[in-house]
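Chain nomenclature is as follows: A, B, C, D, E and F, assigned in order of appearance, with residue numbering initiated at 1 for each chain independently.
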Amino acid sequence: MFMHSKRLQYTVRVGETNPALASLLLEQFGGADGELAAAMRYFTQGLAEDDPGRKDMLLDIATEELSHLEVIGSIVAMLNKGIKAQLSEAALAEADLYRSLNAGGDSHTQSLLFAGGPSLTNSSGVPWTAAYVDSRGEPTCDLRSNIAAESRAKMIYERLINITDDPGIKEALGFLMTREIAHQKSFEKALYAITDNFPPGKLMGIAPFADMYVNTSQGEGDAAGPWNTGAQWERIDDLEEVMPADDGDGAATVKLSRSETAMAGKATERLQSDPAADPQTGADLGAGRITGGEDKGTAPDVSNADKTKVGA
Amino acid sequence: MFMHSKRLQYTVRVGETNPALASLLLEQFGGADGELAAAMRYFTQGLAEDDPGRKDMLLDIATEELSHLEVIGSIVAMLNKGIKAQLSEAALAEADLYRSLNAGGDSHTQSLLFAGGPSLTNSSGVPWTAAYVDSRGEPTCDLRSNIAAESRAKMIYERLINITDDPGIKEALGFLMTREIAHQKSFEKALYAITDNFPPGKLMGIAPFADMYVNTSQGEGDAAGPWNTGAQWERIDDLEEVMPADDGDGAATVKLSRSETAMAGKATERLQSDPAADPQTGADLGAGRITGGEDKGTAPDVSNADKTKVGA
Amino acid sequence: MFMHSKRLQYTVRVGETNPALASLLLEQFGGADGELAAAMRYFTQGLAEDDPGRKDMLLDIATEELSHLEVIGSIVAMLNKGIKAQLSEAALAEADLYRSLNAGGDSHTQSLLFAGGPSLTNSSGVPWTAAYVDSRGEPTCDLRSNIAAESRAKMIYERLINITDDPGIKEALGFLMTREIAHQKSFEKALYAITDNFPPGKLMGIAPFADMYVNTSQGEGDAAGPWNTGAQWERIDDLEEVMPADDGDGAATVKLSRSETAMAGKATERLQSDPAADPQTGADLGAGRITGGEDKGTAPDVSNADKTKVGA
Amino acid sequence: MFMHSKRLQYTVRVGETNPALASLLLEQFGGADGELAAAMRYFTQGLAEDDPGRKDMLLDIATEELSHLEVIGSIVAMLNKGIKAQLSEAALAEADLYRSLNAGGDSHTQSLLFAGGPSLTNSSGVPWTAAYVDSRGEPTCDLRSNIAAESRAKMIYERLINITDDPGIKEALGFLMTREIAHQKSFEKALYAITDNFPPGKLMGIAPFADMYVNTSQGEGDAAGPWNTGAQWERIDDLEEVMPADDGDGAATVKLSRSETAMAGKATERLQSDPAADPQTGADLGAGRITGGEDKGTAPDVSNADKTKVGA
Amino acid sequence: MFMHSKRLQYTVRVGETNPALASLLLEQFGGADGELAAAMRYFTQGLAEDDPGRKDMLLDIATEELSHLEVIGSIVAMLNKGIKAQLSEAALAEADLYRSLNAGGDSHTQSLLFAGGPSLTNSSGVPWTAAYVDSRGEPTCDLRSNIAAESRAKMIYERLINITDDPGIKEALGFLMTREIAHQKSFEKALYAITDNFPPGKLMGIAPFADMYVNTSQGEGDAAGPWNTGAQWERIDDLEEVMPADDGDGAATVKLSRSETAMAGKATERLQSDPAADPQTGADLGAGRITGGEDKGTAPDVSNADKTKVGA
Amino acid sequence: MFMHSKRLQYTVRVGETNPALASLLLEQFGGADGELAAAMRYFTQGLAEDDPGRKDMLLDIATEELSHLEVIGSIVAMLNKGIKAQLSEAALAEADLYRSLNAGGDSHTQSLLFAGGPSLTNSSGVPWTAAYVDSRGEPTCDLRSNIAAESRAKMIYERLINITDDPGIKEALGFLMTREIAHQKSFEKALYAITDNFPPGKLMGIAPFADMYVNTSQGEGDAAGPWNTGAQWERIDDLEEVMPADDGDGAATVKLSRSETAMAGKATERLQSDPAADPQTGADLGAGRITGGEDKGTAPDVSNADKTKVGA
């Protein structure tokens, strides 16, 4: 069961109102790497976790992320306190209010639709979606997702810190960013406290394919690194070798029943195209080629560049 | 520039048609951890990457994931080949086709809307969204996201292998699953080839907050582990200590201009509630309490359980 | 700041595992009227609310809804505990696991993607979206939205109670449903504690249009009721009277600058159609009407019904 | 069956083109509280409604909302008439067109993608989604949702009126806003014409829980009001009393079959963590702590603030 | 299987960085008519296509569209190269970075969330969704969708060309636009190479309804054209004639079983409204009409316009 | 302005209730090619159209599509009339209701969330989104989109007809399907009534690229057809020729300012990887390779297939 204290986890002191900055900060309120995503990622994992230690940790951190959601949301509410009152009381002339709304970012929608309240959207106004939550119910996989998520959230806070010069906000963002570092460390410990955590899950994979590196992108820029070179890797540069990787013919087949075969044949026949024909088309009609009208011609240059290689 | 060979990266041999299984396999075609998500995650990173080695690796793996998308899509197309022809040619009586469509999973939509073609939806029919792509433009963060993504994809393949008894499909899924393991290994190497990769990004965080573990979830089940205990952690059990974590009062404040203050006051006044009143409400009207009608009463039991603790 | 106790707000006693029922219960976990939507609706309002009484109430109820999210999520986790272990350990033969997954609802995706963990989707697998949250930052409006939201949530719980025969689940759902009733009563009190709450907001509207009822749907079935009849209503049955409702001509116009007018003219000219022509079309080509081929004819009956009225 | 008259329900007279204002007005065309949402909410209810009076009302109002959709869409089309022609005819130099597109709001997408036609997006460019439609098929619930929806729509119109100084647009918006007031009054009458409308639906709830107010958010700011205080409320300040609210132990349990128990045990064993270990982690590797390299250190200040309370 | 060459299909030479222009160009990277949508439309069709000629064509064009995705994404990456480095290294003072981020379009989110990497969103930041892909598994239908899609993509490129004055970008966009024209021509040829392609699919339709034009929108502005006038059309101006179009009564009915009828009756009775009542409502309470308080009055003018027609 | 007649455009006579069939029919109510998508596509085009003839046609057809939405929605409402009453009145035992809900398709969500009312979702429960509406504000493009959309809608109706044996529903679906054919014919006439309609828009494209066919997918299965062969096509089989298609080097470049160059260098340096290193990784830790523990080994076979080609 959750409880709430009226005190924030970090004091919020905003120097002056600024709806456009508020709109950017929403990235960490209702954005992909924001605090709701974090809280829900760990909360859903925690409910289904059977290991008592990890369950405890997941609920600890989920709960703290809700407190972070409250901190960032409170900053947004403070930054919008001016525009909210001005808009609700029609305190400025229309043209002035209109200009205030268009101050930057997507602050216009924040003002119009949410009256400056913190909304669960990202900085472009896209509503939060649970598609951001990548809990999969297997700790050797989920803990890696959590590590990655903390590291993404850390980056967004770093960027927000870089663009904010209000010292009170900067300080609170610094706190929130640092907590993501701490959480990442906890998740790392929890992952490696599972002795056998790689590969994740239970199946080991098919041996030769696990050490093969397929150099599918070729040309100037091909490079070697520990990710494709060294004793552990079989690097494939000749792609013919893996088209296919097994000893088959690289085709897709299915065994159809007799009636399925018959039906498939009917469909094929109905829809067959005549590769030898040169049929007149709607585009021919549209370009005046069928009715005998003058051909519209094709393709005057859209630029002055010299295009000599093709068709020269 | 991309090129395509007509041969698949792994030969697809499907034993018999089965649209319901096809519908489940879509999880790896158009689902959150499917091959399109993988390909697009690495492709978008690769385009923006400046480091030549990582750029090469990202484009190699992105391209291979497109080939995997082709393999899994080809399996789906084979499994649906029967229902596709039957539905397009109306080969069965209506009631029989209707039953075929409802064979399981979300195969009904796959048949109706996509005629059995592989569709970019997950196994519940939810369209693929770029919200699944968590590239953030910082390698120390993106490589962790890639490691996590590979580990999620590996798990979904493992589950699909566990429910499939068609040997041809099982084998192809085993190949695809193993390649995710190989890719994870490459991304791990690339991450650790950046010497200073933790914390991700450039800012280090505020020292004391990086080692603090806040025990926000308390009660029977509290547990100790390397994620919250040991020399590196300052564990906070007394939450009062971090409400707030700074030396402020835990409140949110903003400095308003004089006119903003005036406007905020107007809004407050217009909307003030009278805490001492006990107003009649719409619910009172609806429950017959205002018009003097007989009270509908409240709350007969919905079960036979004995509820004695509260209100006994 | 949030805190968490390991005890649930209501004890969850599930009689036996059942992933298909779990899938239906997700409607109240990650669905439109589920507990996350409720918690987030009140939490975002609470952060931006200036009235101390309402702010306190909103945070009280938001916090309780998070506890409800925990209860419903715990039921889901219990119902899925069997399939989760079977799938992760491959404990059943493939065909048996496959059948278990297709037990009903969208339990297949829940198992495959989330391994039975409670996921933030509705009962059809659609991810939760903040589009469900209709907070608008004006209490005379938001409180009405809250009343409506509680009444929707109450209905979904009622339906879930009607289809569940597990007494432990039924009892917990009964608790949750009843709390929605209590919350609705609180929001009603809060709304009517604002003396002037109708119309919501500050502007009153233009007098004659506020009492006009426009009978736009006509024919057998036209009915009178207090919503369109009586002293307070001016009912318009002759639609000509309100086409338009003002004294204009019902057209849409804009004053264009001279250059805008010139440009608009150019576009019109470029795209003008010749209403007198009877051009040949792509469909004509496709139906064999241009090349002189035999007309495919049109429209044999798709049923045996007698269609005499039109075209007889 | 629907019919359409070429005359609008309200004459649209726009003073001059302004794509940025058009972009804001889209909130009521394709936004959450816009006219399409309104029309579809009542139309879907009307189709399923059995009560003849309510069915008639719902279709009347749904039809009128479609006419409002036409009015607001026509305003948008007029405001965009200049940019549309300029862009389609390339009437301005590139740099000038580019500047015109970036005039404010999300007018850039409106121009690029929709060429200034009214699009079913909100003012941030988010496509309309049926997730906005909260019809639930129970009139005592749906009518409350309708009341709330009208009140939200009224607010957005009020805000748009406050930022618009074009008299023709302001007047039309005033008409539309007032009609929302009228519709709210109709829905109120329809709700209270159902004698027993509270609680919505059929089940009454479990008595003691319907009058309980749980004070989950505590601290300075706790307040009393008619929503939590008075004869009808049992207010719980000691949260221990409701953890849990029943007489159980507040835990979640499920009865597993013998084989389910065995499987769950296997999974637990495979994934157990060693709480006593202090494993080395990827983050340790990344921070140089394993290889013996110099520790990157932690956490230089990101601000100049004095952080003395924690860790002092 | 896919392969990749490090050389682009068209050389990208960007004159100077410009994140706001990058943000607009995303329309063709991750927008509705962008290159990913094109590639996936043809790729999914190609996998399921049985006709060898069309299958080959679809995979040819799908692969080329992936190469176009790479070209447009590379332009975006170049345009963002400045802001990316500045933000990641905090190279500018906060206020300057803040201003850079708000340069126009939705470049703020592109910078914050994606660090200037090409993201799969449209120019308003809306994530790409597979809802854009309209493949339906029937070539006489899909080829028409492909023709339309190419024509939409051509238009967006044309608009982007019109607003860009960087010659290198303009030239590359001209190449991409022209390729859409070529693809449209291929799809046209493929459509008309199927002799009987209209109506699409197999069923012909019911004769009289296929030639009927229903003039549902009437009034000043009614017009004649080849789409509703001429020998092939039966034009219906008297709508009574098609209400309904069959010889029934235009009502919707279903045969209910005896128990269904009984149940429906119960629901009706429970929810019946009393059309003769004039119940007091929540709005009455809110406007002070029940408690005897002074009526708030209604509807002062929001504008100075003279509203005489209605209610005069 | 819209008006509504209580009579449907086609009489709906449903033989018996069937919620699972209702769920499938939703594809044409709230699905991608359903009637709302059709109505909104033409309505938004009509509002912005300046050509009087096309404007009239678009509003005629948009209005008729709304009437079709009503017909298909009425069928759904009839099919669900039984389950709606049973669920709302709890008329069946829990287990029986539970079974009724799981009858097929996604009828479970339709019942639970919408109580059988027609909902704006597709047959998988995915909410309708305006992303389906592809109006682009240029008639030579939009009319092609309309032609394609009609042809998709025709196909879905054809498939629904093929699976329905209720004669009343089949007949109504036949009517609706045929009207799509008629609408397609109108849009074809309107397209070809614009003399110069190809290429769409105003720019013609760059000549050589408009006739080039790039054979990007090669191997067994390469085919010739009128789409890539013949006088009008320059077919490129040697891909080197178009890598790149211009005379550049196929690389992406941008001119950076001096300070941008400096910053980019800093970022590169901070994030450089050491390609010569073979760093230990988190996966190595997880597989027990660092601590000297026994290697977990790799990759036992997941199948019995003989994998000899790779790694043999």
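FYI, a residue touches a chain if its C-beta (ideal position, glycine included) is under 8 Å from a C-beta of that chain, and two chains touch if they have at least 3 such contacts.
Here the structure is a predicted model, which is why all the values come from computation and not from measurement.
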item	value
Per Cα centroids, the chain farthest from subunit F	D
C-F, E-F or C-D - pair sharing over half of the B-F contact pairs	C-F
Chain of greatest Cα-centre distance to subunit A	C
CA centroid of subunit B to CA centroid of subunit D, Å	20
Inter-chain centre distance, subunit B versus subunit E - centres from mean C-alpha coordinates, in Å	25
Residues within subunit A bordering two or more other chains	1-9, 32-33, 53-54, 59-60, 62-64, 67, 74, 77, 84, 88-90, 106, 113, 115, 121, 124-127, 129, 131, 136, 138, 140, 147, 155-156, 161, 171, 174, 177-178, 181, 184-185, 189-195, 198-199, 201-203, 205-206, 209-212, 216-217, 221-226, 239, 242-246, 250, 264, 267, 270, 273, 275, 277-283, 285, 299, 301-302, 305
Topology of the chain contact graph, where touching chains are joined (line, ring, star, complete, other)	complete
Subunit A residues within the subunit E interface of the complex	20-21, 23-24, 27, 31-33, 104-106, 122-126, 155-156, 159-160, 162-165, 216-222, 239, 242-244, 250, 264, 267-268, 270-275, 277-284, 299, 301-305
Parts of subunit A lying in touch with subunit F, wherever the complex brings them together	140, 191-192, 194-199, 203-212, 223-226, 229-230, 234, 241-242, 245-247, 273, 275, 277-279, 282-283, 285-288, 293, 296-302, 305-312
Residues on subunit A engaged by subunit B in the complex (per definition of touch)	5-17, 32-33, 52-57, 59-64, 67, 74-75, 77-79, 81-82, 84-86, 88-89, 91, 129, 131-132, 134, 136, 138, 140-141, 144-145, 147-149, 151-152, 154-156, 158, 161, 171, 174-175, 177-179, 181-182, 184-187, 189-190, 193, 198-203, 205-206, 209-217, 221-228, 232, 239, 242-246, 248-257, 259-260, 262-264, 266-267, 270
Residues of subunit C touching subunit A in the complex	1-9, 30, 36, 40, 43-45, 47-48, 59-60, 62-64, 66-67, 69-70, 73-74, 76-77, 80, 84, 88-90, 113-121, 127-131, 133, 135-138, 201-202, 279-282, 285, 290-291
Residues of subunit A that touch subunit D when the two form their complex	1-7, 50-51, 53-54, 87-88, 90, 93-95, 97-98, 101-102, 106, 108-109, 111-113, 115, 121, 124-127, 138-140, 147, 161, 167, 170-171, 173-174, 177-178, 181, 184-185, 188-195, 202
